[in-house]
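Next up: some structures, all given as structure tokens.
There are two complexes below, and they share chain A, which is joined by chain B in the first and by chain C in the second.
And now, the complex of A and B:
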């Protein structure tokens, strides 16, 4: 009883966070992942200060496919744009798409998983069959089929929520196709949580189902959602890169995937322009790797069963 | 225990390698050496059937086996004839007489005569109006409805009489097939199921011996070719979907010839002393089309239907920059409908040409009533709606891909004159669905950047403005009665000077109305290795026939 009171007092919460951080940062992978992530977030936050405005084919000044030099640290592309400039600007688009897609998929996955787990019965059966569909269907293939169709249906016209339509479509499609895993994990955790006494107590005290879910179950799900969320981001970056690589991205707002696609179409690989393929490829790899590292470290921190026994 | 497992694994590996090695080594398609005198060629096509009546997509490889009667190459080059040695047309412009090479033989040794040519044309013509009309492949009935008769006067003379004067008898690209093979094939089978299995029997320099869909086609020299058996021992065409393996293959010596290279690859390959990079002007033209539809399928603004708006946009397109930046010089800046390679009809339109000038474009938009009234940097159309145009871009199959940088440039210029553009890239299937007629679900876009590659005949030059081909080659849906009249007149004109004058009138008409802004005429960039074979001729392999494989010799 006294434990519980202590745990919810402000100083106790600070202590818990401190304990979590020291454990989390104890993992080498987490440190490395966070470091890379901070680096790329800085790139994404202030690209204009770091490398100037985004170069276009119209404003390009460099030579065609020039190798890295003092003037162009990462060389130039096939129309003379600075690759460093595009990679830094691409960071913003790639990271934004990946993070927003993850938010969509977490909201979807948590809502569906928690509803299914909490209500059980027929609701559970139907929601889980829906989840199974998205679970067994490889999300990349699904995204590959949905994206052109959605693009064609709503491809025309102006920006949606500040995004060009083709980027918005990719964002939504990734979010829509990667939530099944989260829903499964959240449901199983909810099943276990709803049998606990504090839920019974809340129900006896007269809380509604909605308030029990949001105020009592959801806070206890945060560790699972956070750990899985980091892994979903890694997947989202991968899917975004692949979709853009196949030419479904927006050629006017290059993400890393679009850059790879442009490089491939220009024949950069056979022309020996390693910097053009390598720079965006390495960035996509680093960012998704750091999210995986962070996700694993979070999982190890929260999950006693996966904790390394000293 | 562990060692035992490793050795067991090693044995299995050795067995696998051992079983694969003889297959790899015996497969002639992958060996690379000058000694076997086999030419290895890369192609970016995807042929399916070997039956020229049943498919459009197998031009490569079957063109190496069959001859045209005359075709495109024979009219441009004196040393690139087809089945006909010479041809002439009578005073009435209706009766054409063709002299076939004397003593020709099919690749199986049977004599090849004017009767085979007459058979091929009559076989097609007799199918007109039947349920199984032969109109689904490279050999098709189009144009034959204007033909009165096709007769072989003797073994070496073919006579074609047309109903109205037209140049179809020499412009058609029907592959002449042997009567003794095809006479028993029903139209139903010729249209679909008859596979025309290798070895193909033709009069071309190479005999198709083996075809593996999606992989390769293998040829042997035709011993009965009209100028003697070709000097090369064989030809292998490998099929690829991208240019990267082609450039790699040329570098490593696995390929002797590859076409469709990108500018970056061309620059890289030309550093290799064994490789010669060439480029040829072809009949492709890339353009920006406006959706001129009103009513169903119309674009987002009525301005697209206004010639003054389209004309003003024309001043905001710098064709020279597109060629310099996007194509890196491998092409010519776009002007009118006629590309420079069509020398009979080309004109540089110097007196009415629009010259790139963003300020002038802005002035013309102002004058036409498309001003920026609310000061947000974006112009409004006459209904007061801010411009936001949807540009779709894509490459139709069988044409040279236009680098996406061209679209970036256009979007940039239009943005600068206050007409923002969003870009959607589509693959060739989705693109076709969008520029189809509104009745079949097309339309709804604003701007379209794509290209087409047809022949240089006057009818094909004017086809993108003809009301008959709306939804097909006419992708702006633009129609004009006067233009259609000129097209109809050109169709029945044989005289080149008169046809040039008619085409010029039509070209000027469509240039001022501006449903299309021509962007560029890209060149076909290709490369061949010089260490194994010589006599490549122009360097570039013909895109209309089998040249230069009839005269190529080992070094």
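And now, the complex of A and C:
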């Protein structure tokens, strides 16, 4: 991999990217995943144009728990809101939370893993002990106990960066509890990278530790970070959906998990209202599966040896 | 260790494993301690049962002295908290006024253990067998279907599977109950009651198990694929062993290594799935208690559950390390 990067000419880089793309897009899983993802990103980008503003109990247009019809393609909920309308708006909430949480988690995981691997010694021992804790404790279990306390401290009400406080807290907590796997992968990769000659050369040329890490090690970590990042997104969707289902989401900005929670409270399953609970779950499943497929395809592209853990 | 005497390396390995486990538990307890002090409101009022209970100033002062809240947070209060936790004193619930958290949790534990235990068993039996077979015949039609279905199941939230199962088997077909643990007003006979219990278990167990099977299939398949390409398999073939003999004598045992590790390390995710599935079925276990505690912002109960989950996850990790040592002689040396 690094042999290719050594030839540092613009045309060489373009060729490498082209080679990567043709290999990556050769995987059926990658095609399917990207296709689904583009679809949901479009939904998330312009929900107002596609289905109009988010319906509320006041602006509901249909009967209570009406099955799908020409007017309401996915039926209505217990107060008469259009399920299609809510699911499309939910795409925006769910995807934004999952992606932002992943960004936090990748930044934390990369920084911690790279620092531990590069400096070694005592720094490595302590950072890895911290990583072990977050590796052993699942993000969902940590978030379950941390989220309500942070919410109580912050108080509900004002929005932060356009998010209702509960969603903001959920995304930060997921991001801060799901970086351990990335940190481990990045650390082991850094350990092998720092023994290479180009690092020695940079050090002889007078580069500082920080600049070696950012300019020489980080670019070589991108494949690992990308492949694991896709899996972190899938995990973040799972955790967000589960937390919202347990009632930690916000009904004013409903994600797919919150919609499922509302459906559960309305007794949709025992009323046989499959349309109400079917769509949000199917969306969460599709997006999560897309990211898993993309992550696996990325990994297969970068690593000829097959991975062991999905 | 059951196998062989305790060499210096083995005991050092066990020592470091134990230290890690204790450190993790200590961090769980510390997180609990910090979170409880961060919640707005006077800790003394909180300890008396939350803001909704009316207490007078004298009671609060008495509590303050009783719990040592007038002493410094660190180390005095922290040490008190940790020693109380070690004694099993997890404080009082806000919602179920005056009840010990430990009692509440112990009451709910059996229902969850039954659910999680049966689901794990079913998922391991089905998932591992399907996965090993897919890996053995990798690239074939069965492998493709099994891998695709497993990835889909792996990405599906278990509670959504639970809701779908209720719609199909309970609401539409009416075959199985989709709510609770016993039918209200069911017949009194012990055998009938047990049968009724099993019928109520069927859907929750299936939902949790289906959520797990995908993962087990993928890992078992990968483990088997790795084993199949090893040199000793070529040797086994050259010795003239049949496919079945190779599978049983060489492939199976080696493929079990990563699977056993996954099963033990997976407990956290199993419990996470079970909590949400219990919420769907109003199953009176730890998951049901979690939802009640979340809705009532009953922090002592929530933290008690967190401690329980932390302890069981750490315990499962210990078990994985020990099992790995027994299964893989290279780790022992």
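In this text, the second predicted complex is superposed on the first by the 297 of 310 C-alpha atoms of A that agree within 3 Å, B and C clash if a C-alpha of one lies under 4 Å from a C-alpha of the other, contacts with A are read in each partner's own complex, and residues count from 1 in each chain.
Criterion: contacts are C-beta pairs under 8 Å (C-beta built on N, C-alpha and C of every residue); 3 or more make two chains touch, one makes a residue touch a chain.
All values derive from a computational prediction rather than experimental measurement.
By the touch criterion stated above, A:164 is placed in contact with chain B alone, chain C being left untouched.
Contact with chain C, but none with chain B, is seen for A:284 once the two complexes are overlaid on the shared chain. Once the two complexes are overlaid on the shared chain, A:240 sits clear of chain B and of chain C alike.
Of the two partner chains, both chain B and chain C are touched by A:148.
Once the two complexes are laid over each other on the shared chain, residue contacts for A:55 go to neither chain B nor chain C. Once the two complexes are overlaid on the shared chain, A:262 sits against chain B while remaining clear of chain C. Contact with chain C, but none with chain B, is seen for A:133 once the two complexes are overlaid on the shared chain. In the superposition on chain A, contact is made by A:274 with chain C only, not with chain B.
When the two structures are aligned on the shared chain, A:293 is found in touch with chain C, with no touch to chain B. Partner contacting the larger number of chain A residues, of chain B and chain C: C.
For the contact definition in use here, the residues of chain A common to its chain B contact set and its chain C contact set are 148, 152, 247-248, 264, 268-272.
Per the touch definition, chain A reaches chain B in the complex via residues 56-60, 64-65, 78-80, 148, 151-152, 155-159, 164-166, 247-248, 250-252, 262, 264-273. Those residues of chain A whose C-beta lies close enough to touch chain C in the complex are 129, 132-133, 136-138, 140-141, 144-146, 148-149, 152-153, 234, 238, 241-242, 245-248, 257, 260, 263-264, 268-272, 274, 277-278, 281, 284-285, 288-289, 292-293, 306-310.
On chain B, the positions that touch chain A within their shared complex are 242-248, 251, 261-265, 267-268, 300, 321, 325-326, 328, 388, 390, 392, 401, 403-409, 411-413, 422-427, 430, 433-434, 444-446. Residues 20, 23-24, 27-28, 31-32, 35, 38-40, 151-152, 154-157, 159-160, 163-164, 166-167, 170-172, 178-179, 215, 218-219, 222-223, 225-226, 258, 268-269, 271-272, 275-276, 279-280, 290-291, 294-295, 297, 299, 302-303, 305-306, 309-310, 313-314, 317 of chain C are the ones touching chain A in the complex.
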